[in-house]
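Pasting the structures in now, so scroll down.
In what follows, chain A forms one complex with chain B and a second complex with chain C.
Entry: the complex of A and B
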């Protein structure tokens, strides 16, 4: 109990620090959003129109920095992220909600898949270390993880989309379709997600395989594994219930963190495959000095990662009694 | 482990089956009754659509003006500002060009079935007066009143401003009073389901694609012939260019490198044309003590091989500019040839002349190869947008050309906001930038030379970033608006070109073009070089509406 309370307390403190940094960092950038907008459309925009835009954007506030900060904290608590400047007058919440489900779907599911597959392969590779699987699969996937994502993505497009024409090369669904929860649409979405997901998988699975394999190898040297073997338990039972259960614990925190970072989007995926998502949106927000959108996205990433770490810590505490008795 | 393996294999198999059986992806919707009536546009917008269509918001006007909303008249940049009736059937200036009366067309309906009248026009303009942030073309800087007189709209001006006809008649979307009068804050109004008089309505709009459908109430019978237009949201140029190359999109607004190899050769029906409309120029900061000297600027203009900049930097797509500032061949009719000849054929490439001008001004080449006078070197930084790879390449060519005559420039490639902010605020020595121009050379010349467009150093200027100020030039610029007589207008443009040739306040290098690719296999009626009835870029408003109205299935 004390453990849980301590963890939650630490979480709140880190959250507050992140929120404060999140407030000040964008304001340290040069320029102001109304000017950025004026520059984007260099036409006969009159000084009065510019002034009116600045007022609408809230750039010309009389409030000092401290007042703005207090307002900001209050808004965060109520979930009011304001109006986007790049997508003016759209609200930030709506802008993010348009893209976030795609990011969560593609990147989230692929991360989970990569983790499951990677740990699975790592377990078997460690169990049969030195064998054929172990000699081939981990090295191959470690190499593929080192290849830049965009190259893998473009190669897949070239082979599977252009030459073989098995899969589409862009977008989340065929642009002439209307989104809806019907089988035809869902199949279309899966079809469009296949190549980006495959590219993501190829480039991220290597880490999971390697770390799992290495922790497994250490665990397999433990006495209780030897004891289980001596007792005559079937190999599969020892591999999973004894060794893997203990070996997976370090990976859990890593997995939780990468799940947290999923909401940061995968900017290269979105660029190469023209896939909707929050990664490219964040890039645009930064380059256009869209403070509200930037802040909301940074906040989303920070909170997601912090929550994920908190949950990972709690999960580790539940799964591994040794960490509970530390105090 | 085996269970997981089997699951994965099964999953992949299902996907493959779905993919193979799931039909083709790609935008063609052929109707059985002959001819494809669905067109897809490829224009990289860089972000998902927010589905806002407010025509007074600079971010979204290009999505609705011309297709959903219509203006009073159509002014064609490519045909010397030829004006044709659109929502107004005719118009006339009166009272010494201080009154402009539009006669409205009969029988026009809004897409919700209600009739459009002159009252809607009056309402639209008074809306712009009430909410300054909506007046993106500053029409109320010259208007004094807009009133209704039966089926006519009478506009009165503070003083004659004939050059504002383009902004008033071509660039203002007419919106329905019965909807917009109920909006409490039109500046923030997203206009998700726009109701206009135009040939298309939006149905539906998703973050990935806008589908325009033909408006059943449209006032031109039988039009538009293209029933569906898809406008996908491309975030990357690669995908947009691929769609054009393999025919999934038929109308493009893209910069395609090596266009012969990557687009034209893919199909005999792939064509392109890049009509020049304005200039990309070097803006010298005229408050800089060295750049104040016109001789230095003249030398720079002679020293730059603009043809080579165009070839190397822009793949030859953007023709070389000339110092008069008149864009050719689009506005060749405005060029004063005798004046051009007098000034070295509009400052044609002549590095030896550049050196002699500098020497005559008292400059001598130092031991480091850089010209200097009284201990002051001709060494400057030039600000550029690092994200525009073609501009970066162009400035590199400029750098080497200027080095050959002893002028050292160091490019500083900045990210967009820093670059834009520095240029607008006058915090640069040299800057590479462009103005937007307009339907005659006057508009760009005014953007460059009118002191009212400029601002003090440290304040953002709308244009005239070099901070040029000359009262006689201002008076000349203001006089253009007084007359509708083309001869007088040509005279004024000649005199403004003379300012460009004598003072060299800005150095145009290449001519910025409208990016345009089109595929003739499914559709006829495209804008071509021999038939430039509108500016053909799909992002150019309201011209893209005109183009869509001219298209028909083959």
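Entry: the complex of A and C
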């Protein structure tokens, strides 16, 4: 119980830190950048919306800093993120709700797939220590971990979209189709998601493989594994029930955490493929100087990660009693 | 972004400290540097990483030796294919791609080494201070580290870089350092904590040495391998995230660097107009430099943790 309370306390504190960063960053910069942004949008945006933004970013407002801060926290608490400037007159909330499903589908499914495949390969590589798989896999994935995500995406576009023309290079679906639950549309969506998913898979699977392999190499040297061998248990049983089962905890924790990173984890892949998810919207907001949208997306991404970490901590505590006392 | 896309996280799951069972205080220190050199030569991953890194350092120091064109001049015919005069062709803006790639090395390396050094410095300072001072200090410093550790890095970088606008080399180093030190600070703290009860520190305390002396002369040298690993992790992080920021146009668009090259390639639809080398070359160079840091890091992990070393001949290694 005390453990859970501590974790929740940490959650609240971190959330507050992120909120405060959001509030003070534009105010800290020389020549508040929000001022230029507001000047740019003064024409098309309604005066009431502008007034709200002036308060949110501390431009030409008579309220003191403390007052603005309280005002800002109140707005966030009530889910009032204001109006998007680029997608005016849509609210920031609306824009995010439209983008979220695409990211959850693409990145969520790819994350699960990468975890399952990577953990499996890691188990086999550690079990066949020094075998062909084990000698190839670690160095290859050490190197892939150093390749920028977005560049992998660009290379996939080059080969599979430009040269071979097997898959489309951009967008989530063909705009000539009407969205709906019919086979033609679903196939179209899958086709569009294939290359970005592949780019994510290539760049993330290495972490799962290496973590699983390295932890399992350590558990394979444990006495209980030798004991199991001595008892003459079948290899498969030792591999999964003894070695892998005890080695999977770091990967499980990592998996729980990476679910939090789903929301904001594929910013550059979405950007390269013009995939209309959360990350793409964030960069749209950045390039259009739509600061309200940018702030809200940053908060959303942070909250997703924080929730996932909280759940991962609690799950780890349930699965592994040894961690309960550690801080 | 499953955890951090930095190889350090791949080898040390869940932010656990790298096990370094061989650290034994004083004896290690005198052998420190020689040992590292010997280890680098005997480990293939480390050798490849070192050779790559040395090549890049030479390119950064003497770009004019192999690239004879100006990297910024827009004086050549546009969108040429590869030829003897322009090894990788020219951009849609009339620049020589080979010259840009060679001259671009310098900024990337400055960012990598700058962020590597500074964030490792901050990490050592905060990690060791937290572990050594203990009590409330440890609580506060540890909390700051943890909070920074869980705020998603890349979105945070994007938000900061957006407000800064056209971040040049110095600004990039500062921003990447401020956001990047927490991961290794945590590892260093864990290692320093494990050292706290060692006899050689007790001896120093009994001798009546000052705290600063104990930290600088007794504790920090025993953590050499972890400090090197910290530098490599942070340098790789800086290469990848710095280039990413430049790629999406948050760096200085006039600077000569690989990330900026990719930004211009993307904005001129290089992939859609057949100017493949414009997009391939800078990305491949980022990957190679990143691989150099990642290989060295992995090799140091193997050196520090013998259980991870590749086994040859013997299929299953058993203790005893």
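FYI, the second predicted complex is superposed on the first by the 273 of 327 C-alpha atoms of A that agree within 3 Å, B and C clash if a C-alpha of one lies under 4 Å from a C-alpha of the other, contacts with A are read in each partner's own complex, and residues count from 1 in each chain.
In this section, contacts are C-beta pairs under 8 Å (C-beta built on N, C-alpha and C of every residue); 3 or more make two chains touch, one makes a residue touch a chain.
Bear in mind the structure is a predicted one, so any value in this text is a computation, not a measurement.
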item	value
Which superposed partner A:221 touches (first chain B, second chain C, both, neither)	second
Chain B versus chain C as contact partner of A:281, first or second or both or neither	first
First, second, both or neither for A:131, with chain B first and chain C second	second
Which superposed partner A:116 touches (first chain B, second chain C, both, neither)	first
First, second, both or neither for A:151, with chain B first and chain C second	second
First (chain B), second (chain C), both or neither touched by A:9	neither
Which superposed partner A:271 touches (first chain B, second chain C, both, neither)	both
First, second, both or neither for A:95, with chain B first and chain C second	first
First, second, both or neither for A:297, with chain B first and chain C second	second
Shared contact residues on chain A - chain B and chain C	29, 162, 169, 271-272, 287, 289
Interfacial residue positions of chain A with respect to chain C in the complex	10, 13-14, 17-18, 21-22, 25-26, 29, 33, 111, 114, 128-131, 134-135, 138-139, 141-143, 145-151, 154-155, 157-158, 162, 169, 203-204, 206-208, 210-211, 214-215, 217-218, 220-221, 226, 250-251, 253-254, 257-258, 261, 264-268, 271-272, 282-283, 286-287, 289, 291, 294-295, 297-298, 301-302, 305-306, 309, 327
Chain A residues touching chain B - in the complex, by the definition given at the top	29-32, 35-53, 56, 83, 86-90, 94-95, 98-99, 116-117, 120, 123-124, 162, 166-176, 178-179, 187-188, 190-192, 194, 236, 270-274, 276, 280-281, 284, 287-289
Interfacial residue positions of chain C with respect to chain A in the complex	1-3, 5-7, 9-11, 13-14, 16, 45, 142-143, 146-147, 150-152, 154-156, 158-160, 162-165, 236, 239-240, 243-244, 247-250, 262, 266, 271-272, 276, 279-280, 283, 286-287, 289-291, 293-295, 298, 307-308, 310-319
Interface residues, chain B side, partner chain A - complex	1, 4, 8, 15-16, 18-20, 22, 25-27, 29, 38, 40, 46-48, 50, 52, 54, 57-59, 131-133, 135-138, 141, 167, 187-190, 204, 206-209, 211, 230, 232-236, 238-239, 242-243, 415-418, 420-421, 423-424, 434-436, 447, 460, 462-463
